[in-house]
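Just so it is clear, A, B and C label the chains in written order, and each chain counts residues from 1 on its own.
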Amino acid sequence: MAPILEIRSVVKRFGGVAAVNGVSLALEPGRIYGLIGPNGSGKTTLFNCITGVDQADEGEILFKGWRIDGLRPHQIFHLGMGRTFQVIRVFPELTALENLLVVTTAGYAAAERRARELLALVKLERLAGEFAGNLSYGQQKLVEFIRVLMTDPEMILLDEPAAGVNRTLLNELLDAVRRLRDQGKTVLLVEHDMKVVMGLCETVFVLDHGEKLAEGAPGVIQADERVIEAYFGR
Amino acid sequence: MKRWFPVGLVVLAVGLALYPLQATGYGVRVMLQLFMWIALAQSWNLISGLTGYVSFGHVVFFGTGAYAASILIVTLGWAWPLACLGGGVVAAALAFLIGWPCLRLKGPYFAIATLGLNEVMRVVVSYYEGLTGGGNGLSLPTLHASVEIYYAMGLVAAVVTAVTYVIVTSRFGLRLMTIREDEVAAEAMGIDTLRYKLYAFLLSAAAPGIVGGLSARDQGYIEPLSVFPLIMTITMIVMALFGGKGTIWGPVLGAAVLFAFQEVVWARFIYLHQLLFGAIIVGVVLLMPRGILGVLQQKYNLPRTI
Amino acid sequence: MGVLITPSMIGQVVISGLLAGSLYAMVALGLGLIFGVMRVLNVAHGPLLMMGAYTTFWLFHWIGLNPYLSLLVSMPLLFLVGVALQRFLVRRVVDAPELSSLLLTFGVSIALVNLAQLAFTSDLRSVEYLTGSFVVAPFALSKPRLATCGFAIAITLGAFVFLRSTRLGKAIRAVSQSREVAQVCGIDVQRIHLITFGLGSALAAAGGSLVAVMVAIQPEMGQVYTFKSFLVIVLGGAGNYPGALLGGLLLGLVEQLASLFLTSQVNEAVAYVLLVIVLLIRPTGLLKGRV
């Protein structure tokens, strides 16, 4: 099967430092992938290059066979790739419902229906009219999560979905992610919480100092000496 | 509450429509200026209140409209209503030309760029003396049309307010606000922020262009210094801020209050006026940056249609 | 135009440009420090320059003080004024969205200009001190411009030495790069803000004292310098202090070159067009600045 996302020798420099230094990855559709690595390994930069927030200096990124490096984020979104952010980025002065409505260009009635559906999915229907800025951290996280789903993207990038989230909510999120995978969507997540990664992801990529260190099933990665070294030092 | 507001509006509209029948010439010209400031503050609100991109040279659209309309009247003999609409079109075209590159800039840089644009236009207008009369200004053929212009200004002010209402209650307006809230997230959610900013900028330039033409027609004479002054940009900004930027009626409220203040103080304490105005600017920025309606909205959880 | 442009004309223009540019660089450095450290766009920069000019004028008028010596008065005086402005007003809009600092400093600038109008009237004043030129064939070097340039360079260099070598200077640069990290390193950021605004004001005042000898002094004289300082910051890159130097010289050069081909009125427009072009190609400035 053709990979849904291909990253070919991507390099991204900031000043003199290469945050991402020749990384190549290939993701098959319908699976859950994890991207891990110690702090400063380039995970978020790579994420940003994929989603168009940053421009890669070298290399190519292909989504469904089309080159997306150089496209603007909103164009990549409309090709079928959505993302969430490490620091929650809901629109605080818009209501939860409005946060969802702004995303689609579908007719208002259809959009509202879908928005309310998604809100019901995460049991937030009664907060539809509440300003997103007034919601609790966990509620905002959920709104950001379902916001990505408004246009039914084929691929979803989650930037540290477990950050600051309590156990119950986390399990709900993880279940939701598995359901998305069952629907045929591809998920790539950046995460620090090893339990989450090992329990959820089918394949894990490990970055260190901007380069791909290892790739494989969670169990294999956990036992890989190089990975252990990267995290805990020599 | 909800019911008598539209009724009150209609009453007000009728009252304003009948006003010229019994007001003095001076009274008509004063109200005409009030309508002009409402249109200006409301227009600035469209770009800067909604998207958060601070247009610090917004008066450039007023001045450009003034000159475009005047040139159409003087050189091509157009009737003033059409010429003023022409002024609005030219202003919008300028907004497109400048917005296309400059709306990609981040906050402070966009503000500086628009300020620069205002200065450039002022100089350009002074330079093409043949067309614009340069530093000596441009005189329009004599015409006593204050009452007609009163209605025209009032119409523009009403239309801009109505357009603001339509935008704020639509998804287009919501998307503009997402640009203000978090532009990165907006882009990531599929919103072509450059296109939306451009639309807002165009819309925000049209009305100043038209009222610039109307003002020029009313005064009968314009010169670069009188139609491109920074103080006019500041005034429309402070009016919008005072009433509440990002709201629908805020700029109207701010324009009304500050215009009344200006009329009263300027007439009597001309030197004190400037200092007081400076103090008001500082006061608004420090004490009530959300403006009257903004504060009320937050405190009493009022709907966005305020 | 049909005027033959000779190499010596170009040379003259380059020299004039560098002379003027050194002043722009010094004044813009003041604005750049304020913007770099506090992200405040100081529209009142011009009026501060104006106050420096008036200080020099009145000292010259009352006690015949050498205008260049009056730098020793105007700079510390305006330093204190700057500190006061920061302490009571500007402090509230540090790090705020640009609209707040633009409006606040504009309000301050109106107040300063009007106070000057009330106190000194709008009559044009001048300081007749140095006139004439040195002729080093084929170039004419205006004496006041030379002196201005000399002092501007000296003060600017002094500022750079201060920023590079002294603890306080390094602290300022640290805050300008990252406030959080500076705080964690024990730097009293509030104090740095006070000092920076004072320094910026002092540099503006120095500019005023130096131009007092060359131009007509009146309350609104500062406005054009505010605009030009903004330009220089953009040209050189925000927070990039050597960039301000380069930007100032560049602006001076471009202005003088433009005057060869265009009327003096349009010079201003040329500078702004340059600004917009630079902003579009390199939003971070010609050298590496921080956006």
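Assorted remarks:
In this section, a contact is a pair of C-beta atoms (placed from the backbone, for glycine too) under 8 Å apart; a residue touches a chain by one contact, two chains touch by 3 or more.
Source: prediction; values computed, not measured.
A summary of chain positions shows that the Cα centroid lying nearest the centre of all protein Cα atoms is that of chain B. Chain centres were defined as the mean of their Cα atoms; on that basis the chain farthest from chain C turns out to be A. Rounded to a whole number, the gap between the C-alpha centres of chain A and chain C is 47 angstrom. Per-chain CA centroids place chain A at a distance of 42 Å from chain B. Each chain gets one centre point, the mean of its Cα atoms, and the points for chain B and chain C are 32 Å apart. Annotation for chain A: no residues touch 2 or more other chains.
Contacts from chain C toward chain B in the complex involve residues 35, 39, 41, 89, 92-93, 97-100, 102-104, 106-111, 114-115, 117-118, 227, 230-231, 234, 238, 263, 265-266, 268-269, 272-273, 275-276, 279-280, 283, 291. Those residues of chain B that touch chain A in the shared complex are 171, 174-175, 177-178, 181-182, 184-193. Residues of chain B touching chain C in their complex: 48, 52, 54, 56, 101-102, 104-109, 111-113, 115-117, 119-120, 123-124, 126-127, 234, 237-238, 241, 271, 274-275, 277-282, 284-286, 289. Residues 51-53, 72-75, 77-78, 82-83, 85, 89-94, 98, 101-104, 108, 147, 151 of chain A touch chain B in their complex.
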